[in-house]
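Each of the next two complexes has subunit A plus one other chain: subunit B in the first, subunit C in the second.
Presenting the complex of A and B:
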């Protein structure tokens, strides 16, 4: 196949907050940067983030980055790497100011400073009173940030490949990544993009589960590309179920609702979080609240004719607060739940929301290919955002730390790439052989004939993941799940497209996405099966305790042979004392 | 229920046609769900969609003559037979997928980014809640294109008239107390077409799925121009 080629200093896959914040640093430094996105950039899923971004600005209540760091380490159930967490919490402050300078329309306080709200798992003074650390633009913070970053990239003349699908990374014999094969969705033409450095910023994989707050596009493409390139994924068993998705639908109702004073009730009208988290109550960490909701429902205290959800009460906040601080939530509740929260409570149930794990990186965004802690990063390959795992979230992410992660590490990856390109100014030679595997992946879908459809297998897969890798996990259920997902992986070879057109063929892109989903889903199922403890979002009734002696370590999963290895948690921060593991109560 | 969708594949069809599908209605079904049900029957049926909750702006379509965002349009509000077509006035790539490049080009024309001339402060640029309130109704645009592609002025002069979306964005920066490029922004909108081709037909207001009011924003820009001219 004769391939068109383009050359850039840097190739960024993904145009969400991480990709665009990296691109902005690079374009501002006059590097030649290409951003590839399978959707127009402002359609990336960062746009759906609601509540806000954490930074210890202390605009509302006393705060400092060290308290933010403590909360994040505790929230991670002591699985987060404390050097990376320290870095993120320190950098949060200049990162948010830079965003504001770039134009983000943050809500404001009477003194003109950025509005900050309370969010789950936040405290003053290392576990004391509730903090207010989440910088918000009403309940549309992700939208405000993503649009602003796109706007600044237009100004900086970043080169965008809109509606191009990344097929695979291209590597040479030494394993160095030289760019990627991408597919122009509108024309069906492949394009080879050669680059000195590549940043994976492809976002999450919530579509592995049937009920999710994630968009149709969140199919774990970058994670699966990393797996196919022989790289591991780290801590994939830690998947966050957001406590408050709209019941039965999965759309997100931000934690900011509880931050503003909303609370959960069961069918008896009881404010049940008081039982599970006497201090933090409804603002306990997400894993805690999600488990409490599921427990209420399982024990017969759920609401509705099927008793399958709980209610989020908001009306006591009054119409003014709701209109000012939660306008988007009011809109979503009316459209999808048929209730106006000004009058009635919102029916909610946990929804698959966020993967804490991902492509392992060091705290500079460089991809780490081995389990060795002092091994070398892979030259020229970076990852940032939800697809990556710098290990700042560990076993459970705090609300407001996701936008923070993508922005801090996207920006940082940008800065490091600038340095790398200064020292490695030439393109490495690229042979046709190295492209062949990726072209094969694409051409496999040209095979015609009878077979299973993409949507059939996708439905089966997502249901299986939901049934076997959800909020509560026990051995037999998970072992069964792994076998089922492996069988589904085998069935992929029998899938056929019914549409073989070149022009805007969504049947083909969805097939490529399904391959990605299944690879990533298996990494979740296999990693989960082998972790025999309960920690953060990974909850095992058959192993109900956290076992720091044996399990305070990161899981690494490789696709080849579904192999697992483990590596230690980096508990030593950069400049402050380590926070040793303690019992986690809220 | 019956859903009739616009079909056109440039590789196989000489001209577009409407194709009818029978789908199973269910409680709370949105137009996007109906289109996905169509796709389940015919995988070659093509449309854009992503978030499913009205924030990404991917799935704008023309249904029963009006531009709407499919994922937040309840089927119960649509009269049968439901007819779904691509946005009017844009070149069709395939089925419901249109080429929006002209629309994006017009957005870029208004320099849609915050411009500061003074050096940045160490912390945030201060803005009073009252000044921040002036951005409400402007910054929430999701760039779905429902407004501009329902605007007759944009149909006739898509290369010269900026269209409601781009003008709403222009107003968003003019209204931002932090922005320091008012003169340049207004100069950039001079001439008979860019701004002044708006004839207040107000299709944009009617079609905006986020309940924004581009006509009001355009009026606001005109008012600033007038005030500056006196």
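Presenting the complex of A and C:
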């Protein structure tokens, strides 16, 4: 196959907050930058982030980065790397000011400073009074940031490949990553983009689970590309589930509903949280509520014809309270669940929301290919955002730290790439084998004939992940799940497209996404099976305690042989004293 | 100006319905599959125009219940809100 080729200093895969903030640093430094995005950039999932960005600006209440660091380390259940967390919390401040100067319309205080709101998990003075640390642009923070960064990139002449799907990383003979093979979704034509440096910024992978709050685009593409390139994924067992998503659909029903007095019931009308959390009841922590819901369903007390969800009852609050204090919930429930919560309960089930794990990087966004703590980063390859794991969230992410993570590490990866390109100014020759392998993988989907459809296998896979690697994690069912997902991986070779057209072939794009989902799904299932403790979002009823002696270490998963290795948590910060592990009580 | 080819290119429109928000993915894709082909040309043009708006605005109209000023646009949004996705 004759391939069209383009050359850039840097190739960025993904156009969410991480990709666009990195691209802007690079384009402003006059590097030749390409951004590849499978959808139009401002339709990236960053647009769905409403909450805001944490930075210790101290505009509303006293604050400093060290308190922010304490909260983040504690929130991570002590699995976060404290050097990276210190760096992120310090860099949060210049990152937010840079966004402000670039034109992000942050909400303001009467004195003109950036308004900051209080969020759960934020404290003053190392666990004291509530802090107010989250900078927001009304309830459209993600959109405001994405829109601003996109416009600034257009000004700075970043080259955008909109509606191109990244297929695989391309390497040279020594294994150095030198760009990617991408597919023009509009024409079906592949394109080889050669680059001196490559940044993976492809976002999360919530679509591995049947019920998720993530958009359809969140299929873990960059994570799977890293796995196929022989790189590990780190801490993939740590997946944050929100307890109340609309059953079978995934859209979030805010915790505010339970805060206002809504409560959960099973098929017998029993208010079951009273059994699991007699004091906090429906306001128990997210993981407790999520696990209780799944337990009710597993023990045959679920609602609906398949008994696969529970109900969230709010009608007793009355129409006025629902309209006044829970705007949006009534509309969402009517449209996506077909019920009016003023009269009927809302069917709910835990929904996969955010993955703490990802492609392991150091605090400069450089990809770390081995379990060795003092090993070298892979030359020229970077990752940032939800697809990456700089290990700032550890086992659990705090609200307001996800936008922060993508913006800080996108920016810092950009700065580091500028230095790398100064010292590595020439393009290196590609490996023909590496290109051929990627083209083969693409052409495999041209095979016609009878077979399993993409949608059939995707449905089976996502249900299996939900049942065996979701909220409820015990040894036997997880071991069973790993075997089932491996069997599904074997079935991929029997999948055939139902549409072989060239232009805007969604069937082919979804087949490529399915390969990615399955590879990433296995990393979650295998990593979760082997972590025999409960920490942060990873909750094992058969190993209910956090075991710092044995398990204060990161999981690394490789696709080849479904191999696992571990490496220690970096508990030594850069300039301050380490926060030793303590019981996490709020 | 939206030409005839663009109106009929369902494959392209299907990809344009991939958004940054799950709510819009589900609603817009369902509307496209269930109702788009039966719409008069005028309303099909409006749908294509709608897809060019930023996600939070489409969300405010189609999920949040805000009403666009233009009456025909408001009619389209009402049809999208009434699409069966439950």
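The working rule: the second predicted complex is superposed on the first by the 479 of 586 C-alpha atoms of A that agree within 3 Å, B and C clash if a C-alpha of one lies under 4 Å from a C-alpha of the other, contacts with A are read in each partner's own complex, and residues count from 1 in each chain.
By definition in this document, contacts are C-beta pairs under 8 Å (C-beta built on N, C-alpha and C of every residue); 3 or more make two chains touch, one makes a residue touch a chain.
Here the structure is a predicted model, which is why all the values come from computation and not from measurement.
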Subunit B versus subunit C as contact partner of A:338, first or second or both or neither: both
Which of subunit B and subunit C A:154 touches, first, second, both or neither: first
Which superposed partner A:460 touches (first subunit B, second subunit C, both, neither): neither
Touched partner set for A:506, first subunit B, second subunit C, both or neither: both
Partner chain(s) touched by A:106 [first = subunit B, second = subunit C, both, neither]: first
Superposition-derived comparison: subunit B or subunit C, residues of subunit A touched: B
Partner chain(s) touched by A:498 [first = subunit B, second = subunit C, both, neither]: first
Intersection of the subunit A residues that touch subunit B with those that touch subunit C: 39, 42-45, 47-48, 140, 143, 147, 186, 215-217, 249, 251, 328, 331-332, 335-336, 338, 501, 503-506
Subunit C contact footprint on subunit A (complex, rising order): 38-39, 42-48, 140, 142-143, 147, 163, 185-186, 212-217, 249-251, 328, 331-332, 335-339, 501, 503-506, 509
In the complex with subunit B, residue positions of subunit A that touch it: 39-40, 42-45, 47-48, 57, 96-97, 100-103, 105-114, 137, 140, 143-144, 147-148, 151-152, 154-155, 186, 215-217, 249, 251-252, 328, 331-332, 335-336, 338, 453-455, 497-499, 501-507
Subunit A-facing residues of subunit C, complex: 9, 11-12, 14-15, 18-27, 54-56, 63-65, 81, 85-86
Subunit A contact footprint on subunit B (complex, rising order): 9-12, 28, 39-40, 42-44, 46-58, 72, 74, 93-95, 97, 99-100, 104, 108, 111-114, 116, 120, 122-129, 131-132, 135, 139-140, 142-143, 176, 178
